[in-house]
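I've put the structures underneath this note.
Presented sequentially are two complexes of chain A, the first with chain B as partner and the second with chain C.
What follows is the complex of A and B.
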């Protein structure tokens, strides 16, 4: 035990802490990109899937194909696909950019389904009433449906966000210097796996715990808004 | 001249034909009652009139203008002329009573908020809910919710108000408060199409009553003609059964 703390102490140099912070920031950036942009694009896809009429069928088809494809392909494979797609296209971009694009693609696909399920959980009579009063689809969603769908959307969405923080570790496979990569580097520098990855484990917890607290808080707050 | 005219109107849900050659006209200021057994197409007529269901054949004319159901702009026009009150009230659960009444006029019709608010408060006072402006639908009784739904419909300033079994979901002691509100509207000259199983009420309030069965208007006449001297066997049967209760 003594050697564990001794080793931990020797790990805590200025440069190592800076390196760890940088890795944590990258993990945060990746997750934030995936969750925020993914949430935004996912909502758009969910709405696209709810359109009707033949004019918008290409939109529906795209939304369906996109969500079904990226939900079925493993994270790592999507990451590789993006990596080689950029290479093939002759774009000279950083691995971090490849990582960000990947997480947005995956976040969009998963969150689109979570949002769609939420929107469709609202009773059809709410849609009919809005439609009969000439609300457009977007007005209906903004003023009537989304406010009632939050309680259904938030728990799985935050569950997904937290999974996502951890999944972003796979970006280390293409050389993105995020938390897991930092752990591997510490380990390679001679620190024991217990210390190297113990620190990383703690860092992941410190990132995901506040997020799940935030989720619980939001659920409570929005849960008091009236739903059927 | 008739304000609302349905001519040879047919509609279907998938393969199930629910309206079959409906002929019906409603004059301005007139209240027409639709009665008939469940599944006879009464509510479906109202769904067509709010653009929720597209007819297969036939025409709907409002103020002499035929609605083209293939044109979204014409469906919007139709919806601006009509307002529907549903059996299950369908109030927006996330909004207060006042917001429920105000949202369509302010957000859809883009009318001035202050002006709409004054109107909404007036309407809610008229239906006896002045003290409930800030309540949420789930804090109200069924009868109160239904009166909010009526106020919400009226705030759209419809030319024709459509009432779809508005008392069917209510406890018996709450029915009269909603009927009183509708009586008042009829007295003020609101054009209304009312679907209801409250035969006494339909008889009292309607200028004309249409008895429907299997998607057709079987018989159309004054309440006295339909309830006292029905010409068709089906009408006699139905009215006989109802009045025996």
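What follows is the complex of A and C.
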């Protein structure tokens, strides 16, 4: 036990802590990037799936195939597909870019489903009323549906963001320097696995736990405002 | 962009991949069963248990839910040998996934435990139901209807999560994809086939679970 704390003490140098903080920032940035861009594209896909009329069937088909495919393929496999696609496409990009693209693809698919569930949670009467007032689909969503649906969308979307912080650990496999990779580097520098990965586990916990508490609070707050 | 796909080299490996998919399913199933066991016990403790045991369960759940599964398995696989516990890569992955699943399933099951209503149980008691009959005819159908959709959803997520085992050298579907990749260097072809296999496997599981839920518990589940 004494050696454990001794090792922990020798790990806590200025540069190691800086490296750890950089890794944590990359992890947060990666999942935030995926959730923000993914949220935008996901909303577009969700709206595309709600279109009606036979002319827009390619849109609906694309949205359906995209969401189903990326929700049913593991993170690691999507990552590898992106990694090799960039490589064979002849693009010379950093692994961080590959990680970002992967995260956006997956975020889009999952958030599209969350947004769609939110849009559909609004009572059909509201859709019909808007239709009767001659609103277009986009106007209906902008002025009638989204103001009511966002309280349903936000809590699970935030939950997904927190889940993504942990899932993005897999990005370390292609060499994105985020928290898990920092742990591997510590281990390679000669610190024991218990110390290096223990520190990383703790770092993830310190990122994720306050956010999940915030998420629970958010859910409670929005939940009450919805029933009122 | 002058890449030509050559699936011809990869097709002969298809049976090899499908055997890998079988192992993936096996890991997911075993981990899910173990997780269910832990989850049920922990949820019962969390709902009915006293102060200390409840805090212990809480600490377990909060810790495992807030850290990545990958790093948990890293810890089990690389740090436990320092304490003299040697796990094979398969066992480390299985144990990590089970513990992780146990934490998530505790949270899910707790919702089910809380959805039972005292008045329903009292009504059953008045009708002369024994304790076992109460559980079988009153509580279980009610709780199962609430719990089945999130549980089957988590099972699908766990099937996808087994791809992590490849990192530790378990030869399941993704692991075999890495193997084939290093033999043929047809990376895009290999991983696209593997991706499609994953889609089919999880789609099949989703359909089967939705049908089962619909007939057994009258849940209204949709696959797409």
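Simple rule for what comes next: the second predicted complex is superposed on the first by the 209 of 228 C-alpha atoms of A that agree within 3 Å, B and C clash if a C-alpha of one lies under 4 Å from a C-alpha of the other, contacts with A are read in each partner's own complex, and residues count from 1 in each chain.
Everything that follows uses one rule, which is that a contact is a pair of C-beta atoms (placed from the backbone, for glycine too) under 8 Å apart; a residue touches a chain by one contact, two chains touch by 3 or more.
Keep in mind that what you see is a predicted model, and the values were worked out from it rather than measured.
Peer 1: Kindly classify A:178 by the partners it touches after superposition: chain B alone (first), chain C alone (second), both, or neither?
Peer 2: neither
Peer 1: With both structures superposed, pick whichever of chain B and chain C touches the larger number of chain A residues.
Peer 2: C
Peer 1: Between chain B (first) and chain C (second), which, if any, makes contact with A:147: first, second, both or neither?
Peer 2: The answer is first: A:147 touches chain B but not chain C.
Peer 1: For A:126, using the defined touch cut-off, is the partner it touches chain B, chain C, both, or neither? Pick first, second, both or neither.
Peer 2: first
Peer 1: So chain A touches chain B in one structure and chain C in the other; where do those two contact lists coincide?
Peer 2: none
Peer 1: Show which residues of chain B lie in contact with chain A when the two form their complex.
Peer 2: Against chain A, chain B makes touches at 50-52, 76, 79-80, 83-84, 86, 88, 90-95, 103-104, 107-108, 136-138, 156.
Peer 1: Considering the complex alone, what residue numbers of chain C touch chain A?
Peer 2: Touch list, chain C to chain A: 1-3, 62-63, 65-72, 74-75, 78-79, 81-83, 156, 160-164, 166-167, 174, 177, 187-188, 191-192, 194-195, 198-199, 202-203, 224.
Peer 1: Which residues of chain A touch chain C in their complex?
Peer 2: Residues in contact with chain C: 64, 68-69, 72-78, 80-81, 84-85, 87-90, 165-167, 169-170, 172-173, 179-180, 183, 187, 192-194, 197-198, 200-201, 204-205, 208-209, 212.
Peer 1: Any idea which chain A residues touch chain B in the complex?
Peer 2: Residue list for chain A touching chain B: 125-126, 128-135, 139, 143-144, 147-148, 225-228.
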